[in-house]
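The first chain written gets the first letter, and so on, giving A, B, C and D; residue counts start at 1 in each chain.
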């Protein structure tokens, strides 16, 4: 029975992916891509990874999908969507098929000759879990054992926003999309947004002992922000530019301050003081959730606002 | 055939499809979707393959995949910012093909 | 650690520092620039005198710097090094003096004199190098620092000449690098004079060591302008006269010849080279180049071109001397290294004077110039007579020893080469002298410079007269230990008694 | 050792904090704050250099969790040299940028630079395969951002190309890491090396990692993204990218190659890398010769130089340890010399373009007369790139030549020598343009002397390296796991 479900999911995933890739309409491609994310979320559940399932649905399908759809809408509005898309050349097709087949063959070969791993990392995780300050293993890995990776990862998020901001000369630019003046939507939103905020907080809280955590919570928060944004309540306009920047950087800053304070306290970077791990992790996660929500929102609004057509020149002026 | 293997194979399929699309397509958005397919395929392989070897649910690799997903979404967002600026400047959704280099 | 040990480095640094300061100087500060130039040249000569003293006492100052594991930069003043360093430092002084006069009021002097000093610094490095690696470094540095001088005028012709120069010298450099690198791969770091190690290597890999010898000689032969690698030399004539003097007499051509001397005497050893049959081909190529260069010189109507081909021919006398196994041949080759430098620099100075003062470039324009510019013409006559090999000018001594060396080495046919070449030399120089002294002036001068001097201006004239007198002095006082001949005999003595 | 006194965490914290800080404070405060950061970074790097040379390889357990559960950082000789290199080059580029960019651009430049620096230091110190992935992504984003923020059409196109290539490269790398984890259950380099098992899985993993890193390093024929990105970015950014950023992926490749003894088990891949390197040398040199824009010449020269550095792989053979050591030293020296020389050359090229106001070669006529200092800086860097003595580039070439002789692989000698001539051809071609005398008087703009001097300093450093080569060679030979895995 399980096998049947798995095989169905597998076929579904591959079919949806292929459709998304080869569909003639770009809109269809994006829709199928979002569908793929949702199907994959089911797959993650089957793989025993509910955390990833949540993240995949919220971030992989949700945020990425919204970003893609929004760009698509922008392209569509100017009406040049499919016009200049000439078909790729024959040698390119050949190269694509060849590389793809080579990759698949190599991977299959590798997968079917898998040796038994000499090291069982999950045993080490279980052994160290009591000292980690949290009881959910993934949170322990993300924010304690391998917190350095997570620190850099948040850096990647901040950096993405930073690049987006650097490409905009005027940060207070209003976006061109009019809000959605639908009263029904407004009514729905008044119900939906508080629910999303609560879910977000729940996910954050749950992270310490159950699936959930800052990233999923942040994505949920971002979804709420984006909905508000689309309905005309523009957070970026409500908050001052400076506040927004603080919000964006809050998570990273708190993380960095906690990391550095341990060095000053004579411990290695990112090492939590004895007994304080749980609290500090919660603090970091709280800050991260807010920042991730704002970062994802900013990524959406930056992509959304039209860049200035006439840039202030003098790239090498003094 | 256990679940882990099946999804590993699914991941391989996604990687293959994604790579094909990434090379084949010229349209920047389509290539971005293809990149995300490769990403998703890689994540499936990461978890499926690791858990197949370990024989149990592996939380370490799951945590890594979470990191990977966040990085992938940042990459997508960054690419979209650039694509839209490019589109705005040139009115094109693909890069000019230069055969010179 | 003796204080004299730092002398080689000091010799090098005087020009390097001069170069650096001159690069930084603004264009207009020509008095300060000239002072630095001449000051550095004088200091260098004083330092060289100290070095001569040390070497005479069989004390060879040396500095080392480990650059890579098992690979040292070595600066070492042995008698051969002093021979070349002494020549260059003396000639540098006069060439600088001449260049200051020659380039008066022309643009880009800061750049010119900067590279000029750098060029001399590289020449000093070449002469004082204690192993092939160090030699290679300065040899390539010389290529780099002469390029800006060759293209100095910035017109299409000089940029084209610069390209030709680079194609020849860089390719030669690559061949040399290949030779040096393979030698090091076989035997590690071999200091000059360590011929026992090479002998052992030749015993193990005779064929390979022959190939390496060919690579080294071919690479160095490009700068020494041996046939068929001489093509760059006449082309590079478009450069200003002091540069030509530098290229021909002091630095570039001599660096190649000096390198060949080092390879034959201090890497392979003269006896080993002779036993391996490596010298005979050099003798043949040198002989051919001597005749070929003279023949081509005969056909030129441009003064500088004729002098250029004359250089091609004259430098091969040095090689010929090296390839004659026996002390007399060695003396002939080494002494010609100096004599040719003195004589050729004189000739180029004079050619420059003619061009600067009267705009004369072609030979037929020289008619009657002896009356107009007597002093320059006297200096020119001295140089030309030396080239032909007439006593008492120094050139005679070189040819005499070369002839004796040929007999000693049982290569009698070389005598005929020497005679043939002397006849050709006479054939291309005597008509010129006849035009200068005996033909009447034909019409006006091509481009006469307005000045109140009868001859060239003093800054141009004095260097030419001094080097001309030196060429005579070298011939007259040949028996002194400090004369070129005396020093060459000293080197030969130490080489053959090893 | 006392944890506070170890410079390792500060090498990461300072740039990250610098990034946050320079995003928050007002524009005109960003440069002074960054200057302070530069100083502390230099000090921290020097301190690390001192500690490593005194006490040997330093292992730093992040968050106090030992690898393989936690993430370890490792500062061995190789890492230390790279830290010092990036500190010096990045400081020079940063000072240059401070003088070269206007206030707004500068404001955006600083946080990007600090993120770039953090990721570089993170990569040099990393001893964990997944951590390297995150570091690579951080580096890519910072680099793409720096390319894009010139914000003209060309740089935008270049940045998109760059981003796509880099993303594909990182994904291939991640796939390789996934396979390694599945096969061995660990991410830490040390424990991977201990339990390494040359089965099909690991071979495929190494192939994928190799492919991804080669793409990111822009090894021929996957170099097409590099020239527009490096040639189209703003001058200080071009210098950073060519001097440091491409070295990061190369560095990771080298670590994998030696620590997992790939050279021993997949010698055919080594030869393949050598062939690609040879292709890069010839093709890059040829394309540089054909360019009409100054910065494109310099950018294609980077393609060729990567080729030289790649030649160390076929020479790292299991059979001849002496030849391998020379190849290792030669490759590292080449990389170091290239970092200084190329940064110097890009900055000098930027100055020249600033003077003429035009990017093409033909308008350089008369430059050698009116702006000799810039030409001199360009020339000194060129000497090192051509591999002419005395320079770091020459010593590196010398070592590679020796290594080729000793290992009997004479064909690389031919490649090295042809490459030298090609690079001489394209560099002297630029020179020939600058020496042309024009009738015109000095109508060029004059850059501030300080930015001319910065370019000159970098170029001089690449020349001085020719005399001081023994230092870096000794530093990278300090004992540690890396050197133990060397043949």
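Worth pointing out:
Following the convention adopted for this analysis, a residue touches a chain if its C-beta (ideal position, glycine included) is under 8 Å from a C-beta of that chain, and two chains touch if they have at least 3 such contacts.
From a predicted model like this one, the values you see are computed outputs, not experimental measurements.
Counting C-beta pairs in contact across B-D and across A-B gives the higher total for A-B.
Rounded to whole angstrom units, the spacing between the C-alpha centres of chain B and chain D is 27. Centre-to-centre spacing of chain A and chain B amounts to 13 Å, using the average Cα coordinate of each chain. Between chain C and chain D the centroid-to-centroid distance comes to 42 Å (mean Cα coordinates, whole Å). Work out the mean CA point of chain A and of chain C, and you get 72 Å between them. Residues of chain A in contact with at least two other chains: 107, 111, 114-115, 117, 120-121, 125, 145-146, 149, 153, 156, 159-160, 163, 167.
Among the residues of chain B, those in touch with two or more other chains are 15, 22, 45, 49, 52-54, 64, 67, 71, 74-75, 78, 82-83, 85, 89.
None of the residues of chain C touches two or more other chains.
Every pair of chains meeting the contact definition is listed here: A-B, A-D, B-D, C-D. Chain A contributes residues 2-3, 6-7, 9-10, 13-14, 17-18, 20-22, 26, 29-30, 33, 36-37, 40, 43-44, 46-49, 51-52, 55-56, 59-60, 63-64, 67-68, 71-72, 74-75, 78, 80-81, 84-86, 88, 92-93, 95-97, 99-101, 103-104, 107-108, 111, 114-117, 120-122, 125, 137-138, 140-142, 145-146, 149-150, 153, 156-157, 159-160, 163-164, 167, 213, 215, 296, 299-300, 302-303, 306-307, 309 to its touches with chain B in the complex. On the side of chain D, the complex with chain B involves touching residues 130, 134, 137, 141, 144-145, 148, 151, 153, 156-157, 159-161, 163-164, 167-168, 171, 174-175, 178-179, 181-183, 185, 187, 223-224, 227-228, 287. Chain B makes touch with chain A in their complex at residues 1, 3-10, 12-27, 29-30, 32-34, 36-37, 40, 43-45, 47-49, 51-54, 56-60, 62-67, 69-78, 80-85, 87-89, 91-94.
In the complex of the two chains, the chain A residues touching chain D come out as 106-107, 109-111, 113-115, 117-121, 124-125, 128, 144-149, 151-153, 155-156, 158-160, 162-163, 165-167, 169, 245-246, 249, 252-253, 256, 259-260, 263-264, 266-272, 311-312, 314-318.
Interface residues of chain D, counted against chain C in their complex, comprise 329, 368-369, 372-373, 376, 379, 383, 388-390, 394-395, 398-399, 401-402, 405-406, 413, 417, 420-421, 424, 428, 431-432, 435-437, 466-467, 469-470, 473.
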